[in-house]
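Order as written gives the chain letters A, B, C and D; numbering starts at 1 within each chain.
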Amino acid sequence: MRVGIVGCGLIGGKRARSIAALGHTVAATADTVLDRAAALAKGYPGCAAVSDWRELVKRDDLDAVVVATINDSLAPLTLAAVKAGKHVLVEKPAARSADELRPVAAAARSAGVVVRVGFNHRFHPALLKAHELVNAGAVGDLMFVRGRYGHGGRVGYDREWRANPELAGGGELLDQGVHLIDLTRWFLGDVTDVSGVAGTFFWDMPVEDNGFVCLRHAGGTVGWLHASCSEWKNLFCLEIYGRTGKLQIDGLGGSYGVERLAYYRMLPQMGPPETTIWEYPGEDTSWAAEFRNFEAAIAGERGLGATLEDAVAALDVVGAVYSQSHAKRQAA
Amino acid sequence: MRVGIVGCGLIGGKRARSIAALGHTVAATADTVLDRAAALAKGYPGCAAVSDWRELVKRDDLDAVVVATINDSLAPLTLAAVKAGKHVLVEKPAARSADELRPVAAAARSAGVVVRVGFNHRFHPALLKAHELVNAGAVGDLMFVRGRYGHGGRVGYDREWRANPELAGGGELLDQGVHLIDLTRWFLGDVTDVSGVAGTFFWDMPVEDNGFVCLRHAGGTVGWLHASCSEWKNLFCLEIYGRTGKLQIDGLGGSYGVERLAYYRMLPQMGPPETTIWEYPGEDTSWAAEFRNFEAAIAGERGLGATLEDAVAALDVVGAVYSQSHAKRQAA
Amino acid sequence: MRVGIVGCGLIGGKRARSIAALGHTVAATADTVLDRAAALAKGYPGCAAVSDWRELVKRDDLDAVVVATINDSLAPLTLAAVKAGKHVLVEKPAARSADELRPVAAAARSAGVVVRVGFNHRFHPALLKAHELVNAGAVGDLMFVRGRYGHGGRVGYDREWRANPELAGGGELLDQGVHLIDLTRWFLGDVTDVSGVAGTFFWDMPVEDNGFVCLRHAGGTVGWLHASCSEWKNLFCLEIYGRTGKLQIDGLGGSYGVERLAYYRMLPQMGPPETTIWEYPGEDTSWAAEFRNFEAAIAGERGLGATLEDAVAALDVVGAVYSQSHAKRQAA
Amino acid sequence: MRVGIVGCGLIGGKRARSIAALGHTVAATADTVLDRAAALAKGYPGCAAVSDWRELVKRDDLDAVVVATINDSLAPLTLAAVKAGKHVLVEKPAARSADELRPVAAAARSAGVVVRVGFNHRFHPALLKAHELVNAGAVGDLMFVRGRYGHGGRVGYDREWRANPELAGGGELLDQGVHLIDLTRWFLGDVTDVSGVAGTFFWDMPVEDNGFVCLRHAGGTVGWLHASCSEWKNLFCLEIYGRTGKLQIDGLGGSYGVERLAYYRMLPQMGPPETTIWEYPGEDTSWAAEFRNFEAAIAGERGLGATLEDAVAALDVVGAVYSQSHAKRQAA
């Protein structure tokens, strides 16, 4: 496959490396800062670099486009690429809001191209294995999911683009929280009811730094989620409860700690569960696994990757929490 | 002090032992099953045993009464003891509902006696130290509290008295959840808004086995709590976030794991926090500490123990969640 | 099988329970304190209780005898039972010294009875699984074993029988250390060379409270072991290194912490190993598994249990360390 | 201070950065590969770069020299610098053997200059705090130290300079083991007796990949140490036992895990000890702390840094183990 990359920052670079490692061609790069596009292109023989993404999107020699910009450009660039007949892998959250994303999803359906959204956490090995175990009935019917995800920011975090509602579309709930929402939907299915709080407790910024979300899902299961950028020690924890056992994923590697999956299996006599733990201390393989899944989706497989419809659903949850918090503030 | 114990089960026995160890006299015991009252009395020289608690409550030789029955008797027995001019230590939750407890609180105020409610978790060493650290400003102004508490029940759990709404007044939220609510109020203060879900996911019983609660407190802080009796591996975790650090309490000893307090202190340059952890592997000292606090309250000190007003406030939270869940079910 | 128990203390009681649970008959008990024999017998219908073990050993209605006394009686009682044609399960270390045990081993061989020594640690689930993994080649050829085992004693520990060389035959190295030695031999095979230190660092007693042992095994592998009763926090850890991976067993349940087995598998690219951890939080199943193995040995299977020859070999190691430490003290 | 750096590899670079950060001047660099010297010098204004260390050592404008080469040059370069009247910080192990180092120590004493050896582990915050606690009597009189240190190498490790006895002087025992030996001497004092095994179990190289060492110290304390480069998961653990408590240091940051110090304090009633744990997740501060100590030594303070005499003593231990292992192989 010949792939173009729009947005040549940290994530664009990661995408390029994993695409090349899988044997595909990084054929073009685009960044409003041409030097960044050129610097990334240099690593890939024959790769063109441009500053105007319109140029990249209309190239005839590309099969797919990766959109790895900041949030305000994700939806319009994806729309343009889709209209140009390209398959697209767009980074999460794919747009600043569900409303911004809905027309993109419609256009993709019309164009008959494949679009996947980079909810790469689905492809972390601990989460892939948890998903397999759930599907194999290892914990029985699911009851609820508890998720906690957060980091502590860094000096000046409230002056970065993520603190700007125009550029980012929202705060922590849209940034890390949307991963929790997507993962919970992946395990528990469609959301039927949302309540929650988006609040700004620490940072001096007009977007929330903490989002608390309670989801009800079809069948009565519950998602109980908290995302925070005042979580002083980096944390990722997802706990999945079934009627006969529990799965717990901790860590995502690096400063989030070693990624591990614990499987607690209830015994007929109850008491302490049988416990098996798998650790994944190696390199982050989620980017490669996600891209292989994107390839497979282009080849017609259903796959595990998040669709635009998944992203719209996750953004609908975020939007619902924002509305409730806004309404409550108005009332107060 | 001369103390009478009403309710001679597991908790009544623990109370008797810690009271005697503190140098007080266990002077009388009462239990509807006289044999149980007698068995407990046998351990304490000169201790009388009766089957009718009315007899115990009216004895002239008692300074204080411990009420350690199941939930449906907690309020009426406390009321009778208060009216008889006794100081009372009543086990949590002190009543089946806030409405049942309010008149008891009024009576206690009229009678000028001291009543404390056995929210003994306040007196676990990790929580005592956390409370001290918060008061000393070790984590700055508080932002939110996250709590998880649960156990996995046992075979037949849904046939025990805790599964009977008439006897228990509610399910897991009233049983373990009320500790989380009390602790969160202890740290964050008065509750201004409640939302939550009480659901029955696993056990075959007419009370909830899981309670999810979101509290808003004066000043805008948040409590985010979950109590469960389908928590397959016993768990107690309370996380307290301030603007300059975090406190995390894990475990309560025994099957809940070693009790430990972790203190994460943010550095000016941010990044990984400075971390100190204290472990408390010894015997459970909360019962003795709580009783000493009760003594001090009788002697006129303010103390750290939970009052009837605290219990009413916690039960109000439980009741609010029950109403919301009931309304939602009606609507569905 | 009809089984007699000699020595009705803590371990004798455990043995009786697990024997009965396996469907065998506890037919007779003996203890120099007749009350203890009678108390144990009471739990088993038709079980006779005597104070003189000679009486028990010569009974015609017993298939096997369990010898669960303190160390000074283990060898003579086993010898008598063997001579009476009984199969015997004798608690570790089976004697106070190798020299005391060698004639017993010879007599057992002559008598054609089965004797197994209660090195029950072999039958802990984490160790059984580790042994299977090693035999299946999961860590490749073994290189060395590192073992640490210890507890902190208790007030007055140096006044108990374990502190008396006449009764115990030695100190910590003979008590807990002998388990480490047996397990290491189980994994690495025959010992070809021993060096070590037996020292008394803390307790006021004429036997060692710490034993440090270095074993060389056939093929050049090494065992590096330390046993301590001044190990302030209870500890059991055995680390088994192969050319392609490592197995680590931590904990033995109870105050030693949850029993767990970690399996580290090296990848061809090296770097962090693939890791799987199994936890065994349930009841101690080693006693039942060991007795089933004893049954199987009587039925002619080879089995995993320790023989008298294994015990002699372990005691030879202990003796060698004692000689070296004695020689060093003489020289100093 | 004006400092020259000889050996511009990884460690030389670290030293330069921490020296400059402390406000000193990196005035000259030397490396047999001139490009490396120049690359390092570029970072420091006015810093000269040469390929011949003799040139650097004789410069008049230097107060001190850091010797950060591979092992075979450490002693001769230090000797030359000392003779040129410079203070020297030489990386561990300071020489390939004690015999190579003794004349350097003598020359330094004659020259009246300060030489410190880069046993930087002494200056890790967990070890500094452990040393303070020991000196403050927090664990009472010491009894023994247990140490484990190791890594798993990397593909081709046995083709690197550390596998070459001529360049390295020995294997794992000289490389990581010497840190354990130095730390144990730091806590327990002079060594009176050594036994041990140096063996090659995994790597195809003529130096040992595992060293097992038993030290006896003045006063009868014991050091029980193992260093390994077939330790499949990186490990650093030092356990220090006193009569009233224990200190345990785990991790050194990075792939060795978060550095932490656990302090177990025995209670009069014995049982589980009171436990406090400190974690040090931040940057490695040992290099800066060590250099400040070197400065203080130049200013006449005694300080905590390792002297040439300390290095000679550690190398004597290594040499003794090598002799014993050689003798055993001869005998076999």
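Brief remarks follow.
As a convention for this text, a residue touches a chain if its C-beta (ideal position, glycine included) is under 8 Å from a C-beta of that chain, and two chains touch if they have at least 3 such contacts.
As the structure is a prediction and not an experimental result, all values here were calculated from the model.
Shared contact partners of subunit A and subunit C: not a single chain qualifies.
Centroid to centroid, with C-alpha atoms defining each point, subunit A and subunit D lie 45 Å apart.
In terms of their C-alpha centroids, the spacing between subunit B and subunit D amounts to 54 Å.
Taking the mean of the C-alpha atoms as each chain's centre, subunit A and subunit B sit 40 Å apart.
Residues of subunit A in contact with at least two other chains: 271-273, 275. The touch graph of these protein chains is a ring, one cycle where each chain has exactly two neighbours.
The full set of touching chain pairs reads A-B, A-C, B-D, C-D. Every residue of subunit D that touches subunit C in the complex is listed here, in rising order: 143-144, 146, 148, 152-155, 193, 195-197, 199, 201-202, 210, 212, 214, 216, 220-222, 224, 226, 228, 230-233, 241, 243, 245-246, 255, 264, 266, 269-273, 275, 328. On the side of subunit A, the complex with subunit C involves touching residues 267, 271-282.
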